[in-house]
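The structure is given below, and queries will be raised subsequently.
Chain IDs A, B, C and D follow the sequence of writing; residue 1 opens each chain.
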Amino acid sequence: MIKVGIIGATGYAGQELVRLIEQHPDAQIVTLTSQSYAGKDYSEVYSSYAHKSYVCQEEDIEKMADICDVIFLALPHGVASKKINNDILNKVKIIDLGADFRLQDIDVYEKWYTTHYSKDILPEAVYGLCEINRDKIKGKRIVGNPGCYTTCSILSLYPLVKEKMIDLSSIIIDAKSGATGAGRGLSLPNHYCELNESVKAYKIASHRHTPEIEEQLGYAAGEKIVLSFTPHLIPMDRGILATCYATLNDNYTYDDIRRAYEIYYKDEYFIRLTKEGVFPETKWVKGSNFVDIGFAVDERTGRVIVIGVIDNLFKGAAGQAVQNMNILFGIDEKTGLDYIPVFPA
Amino acid sequence: MIKVGIIGATGYAGQELVRLIEQHPDAQIVTLTSQSYAGKDYSEVYSSYAHKSYVCQEEDIEKMADICDVIFLALPHGVASKKINNDILNKVKIIDLGADFRLQDIDVYEKWYTTHYSKDILPEAVYGLCEINRDKIKGKRIVGNPGCYTTCSILSLYPLVKEKMIDLSSIIIDAKSGATGAGRGLSLPNHYCELNESVKAYKIASHRHTPEIEEQLGYAAGEKIVLSFTPHLIPMDRGILATCYATLNDNYTYDDIRRAYEIYYKDEYFIRLTKEGVFPETKWVKGSNFVDIGFAVDERTGRVIVIGVIDNLFKGAAGQAVQNMNILFGIDEKTGLDYIPVFPA
Amino acid sequence: MIKVGIIGATGYAGQELVRLIEQHPDAQIVTLTSQSYAGKDYSEVYSSYAHKSYVCQEEDIEKMADICDVIFLALPHGVASKKINNDILNKVKIIDLGADFRLQDIDVYEKWYTTHYSKDILPEAVYGLCEINRDKIKGKRIVGNPGCYTTCSILSLYPLVKEKMIDLSSIIIDAKSGATGAGRGLSLPNHYCELNESVKAYKIASHRHTPEIEEQLGYAAGEKIVLSFTPHLIPMDRGILATCYATLNDNYTYDDIRRAYEIYYKDEYFIRLTKEGVFPETKWVKGSNFVDIGFAVDERTGRVIVIGVIDNLFKGAAGQAVQNMNILFGIDEKTGLDYIPVFPA
Amino acid sequence: MIKVGIIGATGYAGQELVRLIEQHPDAQIVTLTSQSYAGKDYSEVYSSYAHKSYVCQEEDIEKMADICDVIFLALPHGVASKKINNDILNKVKIIDLGADFRLQDIDVYEKWYTTHYSKDILPEAVYGLCEINRDKIKGKRIVGNPGCYTTCSILSLYPLVKEKMIDLSSIIIDAKSGATGAGRGLSLPNHYCELNESVKAYKIASHRHTPEIEEQLGYAAGEKIVLSFTPHLIPMDRGILATCYATLNDNYTYDDIRRAYEIYYKDEYFIRLTKEGVFPETKWVKGSNFVDIGFAVDERTGRVIVIGVIDNLFKGAAGQAVQNMNILFGIDEKTGLDYIPVFPA
């Protein structure tokens, strides 16, 4: 049994992680912490856990490192980079669900986020996008678990970038997310009556997942990419849909594009390509680790349009974190993750 | 491995059953049928199953009986009673999710529903409300799986009736259900824009779950019960909340009532009593087999008010059906059902 | 033109009032105040007003009394009773949307709410339920505008109580409200992801609208009434549905009941009785001042079940407040209120 | 009083038109027709009209032309073009809410839609986008009322195209619509439980509003435009949000762009430009004729991103149709349309 610690267990992503580890056949929670609710029973924070009994602990990562095999961090950016050091990494694997170990370019990190406090460690961190970096993840001590929008966006575009089928300067990602993406913190925009029955864009040309997508797609391309990313808030709990636009470099047909996707994804259990003419909906993957992807070639404009969907709390956060754990510990990648989507939910 | 057949696998309850059996460690689907979609791939009917491959079969219950250990029926009322006979029951266990084997009083059945075509078999059918009838279910050949409203209503009131703490003529159940309860069939009232952002009562004083609740609570009371039951439709996918009112027979306190509930439920894994002053929400049990129950004594009116919640497709249909299967086959009742609720979803 | 002042204009009910007065042909806003947003442009508080320009003022009721014909107060309970005195009432009409002038029984008020600071004035306040108290409202200086649940509940039951057709000790009101009823203040239960896709009961046997319903129905009955009232929160913005249960005093038929409703409501423009067998949904009255009422006789239990629906912010708050203004100023009661419901919305 | 006939009054857009004309001070409904519900009372089709009494008529446009001043058609495409001829236009003004008189390029119409049956009349039809074509509308006999997506998209981009600030080959419009846009006809994708809590794209690179946007923006540009348009379905009743992307032709600043918008819109009552850094939400315009527009310059990519929102049934259909009527009959364009958005709704 993999012994698991969870720091920041009372946010939505933290809670999803608790749920998945609890139901994981080869892992068990040793301790979970919460700054806001330390000392409280977890079931007071989430009534859905009324039949379980954990007490939220004060965080003490040093101690946790002694008793855990892996620690998940689900914290605001800038916090994890202060906590992690070599001593800890010598004792325990770290999977960080925050942003601190996702970007390798420190200047980019500090421009879009804040000061980074473990620049020495950053280079060994691996970007935990499992389907792309599986081999690089194995054996690592620390994983930067990808963002929700980025997971969906990168996986939607990766084969096209890798196969050099699109004009890299033409990429536009118009993404739509359910409200769990905004977290559990109170704010007027997330008040029920304000968010319900409405749709809006936010952080236009300034969302922090932009450089993360650019860096990873840049690695795939072998050159720097600058792209447009626009997130939108949708009146629903879970789900991300990314609508990706790019100009094709040639008169590629649907079949040409499909071949590219199959090169990279045909053996990927968690990536499901839809049939021609079919485009995925977020509801098809809710409560699961699946990424559904469909695409169309628009001959009129010479563009390809790719639609990708994920459950933002599952494949977009906790599910992928568990997938990374499975890879790190050398067990079947699907273990504890092979859920059929819950429908309709 | 228990070999499972599912007849009527493409309705919402049927699909939930497919999902739960697929994920059940000790059972596997041998065949699933659909009248509407025979010959089609199941993933065309439910895109959430894109990674699976079943073909929807024409129904042939005789054949299925030869190759299955248990057959689940998820059919409109009046259909199952035509299909079941002694030959079949000699070969295979039957769990009927429809109404045909729930009511023992044939006159009541025929008054509220339609002609019953297997009156000879009805007496041996057991009402599959697991927490109440567990011992009666064991060894049976045929189980009438309870309705969604009835499961929630009966479990909410059972201890009070059994302990004779309430005036049996005073029972009023005001129930609220998500829209999956209305099924997948198209109709104007279930068209998105009509149902969304609205609440309504329906089938007032005439809903067919009324006699089912009355019969079962009548058994508990040892006398005939007539009660009021009013269902409401709520703009959400899943969940039932039953608000139950009854006049107390004495000046019972909260603790008196609580003791009654604990007599019957303290060892029931899937029934969770909330703390005093806390009342359950449907979201706390979504995607799980739990029944959460809370109650208050209103000294001003001399009434007890009980709130019970379930996931109507899970404990209210497919989950309880699997629970019945587990009981019939003598395996741990929680097997394949021990999910933490998916939250927020 | 009636000169209007609004105190507490930035809550949901306050805003609805601003909207209705702005569109009222015979009234105009002279000043509007907000404690939280004083000095801010109203369109910063509500972007829907981007084409208008008001500045939220600091409240100064004395000054307002000099320049207004009527002042609406939309304030937390206990605040209005401190502000109102004889000097003010000599200068301006007051319509209070809060609870302070609704209950005549001061002990009941102080038990369910807080200390009352204008006990001398309370006796002359009229309960502004227009369809019932129209004649009493005329000429008054101060109106206690009814609560949302109470408006719906009282109007649903009034004819039955007045005509002595029901057992007064048997009344149960199970009410369902959209989330605007909980206001604009932030709280975890009203956070989008918590409230969405869920239903719950709250303040069971303890909601403050209970004594208000009891007092008014008590006047209608000519005797004290004690009843059960249970509010529920529904995942939608607007609307209240009250499901009312009572035991009939005799073998009354549907037609008997209908006659009772027609005695009181047949000339009431804003009350619409549905046809036999039809029960109203909240969506049918959204964005309007209408109250739709339907009912059924349940011969099996001897009960009548009445369903009433309103838009909680309109007839349940601001609309009725304007209706009271129209009565006070002797203009056609429908002025500025005769909107067809917005559907689907 | 303008005498109004409405053909196709029982769809969602038709109903919104009935509502707006009913509340219009200078117009009145003379007759309304419905193919599906002829002979039925309108309040049976829409319960929100319980206080009104119209009977749905069989359509007879010849007769209607004799008694009406203007006829609105809300019909499936291909139907209106069969009904309209010179005789009718000599007697009555026509405002067609369908697609038949929107496109001037007959080949484009017949490629994207179907055969056109009044090619002789088409050239005199005016595209009723009021803010752009106001002067051309005056005096016309027939108006093609714009589509919902097109109204939002064109108005969002018009100043940029007109002022030649963007690369015309770079335009991408990613649009999101509430479910009323899909109409009242039953279908599985619009079944509550399927659409709720999900988001999807549809008719990718093939939606019929594409050529309409292209034709109109092409007029503005003085050259042919080909662009990408992708509609999405959002789980809400009303509202369209268009996210528009285009590459800037120069290093334009926010202020440069703003000046362009103000040239065309500063005197437009129904167009509200948001402040810098503020982007509109659909909820801000619900139940109103307003178009809210905000934009940002993304220096990193050299693109401008424009967000426009409307209520699809109001400014996107019935409201604009009434606005066209007001223009045709020479009355104040705001008459019967000057509603503050209903919020929260």
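We adopt the following convention: a contact is a pair of C-beta atoms (placed from the backbone, for glycine too) under 8 Å apart; a residue touches a chain by one contact, two chains touch by 3 or more.
Nothing here was measured: the structure is a model prediction, and the numbers come from that model.
J.: Same interface as C-D shows up in which of B-C, B-D or A-B, over half of contact pairs matched?
T.: A-B
J.: So which has more C-beta pairs touching, A-C or A-D?
T.: By number of C-beta pairs in contact, A-D is the larger.
J.: I'd like the Å distance between the centres of subunit A and subunit C, where a centre is the mean of that chain's Cα atoms.
T.: The mean C-alpha positions of subunit A and subunit C differ by 47 Å.
J.: Centroid of subunit A to centroid of subunit B, CA atoms only: how many Å?
T.: 36
J.: Find the geometric centre of each of subunit A and subunit D from their Cα atoms only, then give the gap between the two centres in Å, rounded to an integer.
T.: 38
J.: Which residue numbers or ranges of subunit D touch two or more of the other chains?
T.: 12, 180, 193, 196-197, 235-238, 280-281, 283, 286, 344-345
J.: Which residues, counting only subunit D, touch subunit A once they are in their complex?
T.: 172, 174, 176, 178, 193-194, 196-202, 204-205, 226-228, 230, 232, 234-239, 241, 243, 245, 279-283, 286, 296-298, 300-301, 303, 305, 307, 344-345
J.: Subunit B touches which residues of subunit D in the complex?
T.: Per the stated touch rule, the residues are 12, 179-180, 184, 186-188, 190-193, 195-197, 235-237.
J.: For the complex, which residues does subunit B have touching subunit A?
T.: Per the touch definition, subunit B meets subunit A at residues 12, 15, 19, 22-23, 46-52, 180, 197, 237-238, 269, 272, 274, 278, 280-281, 283-288, 290, 292, 338-345.
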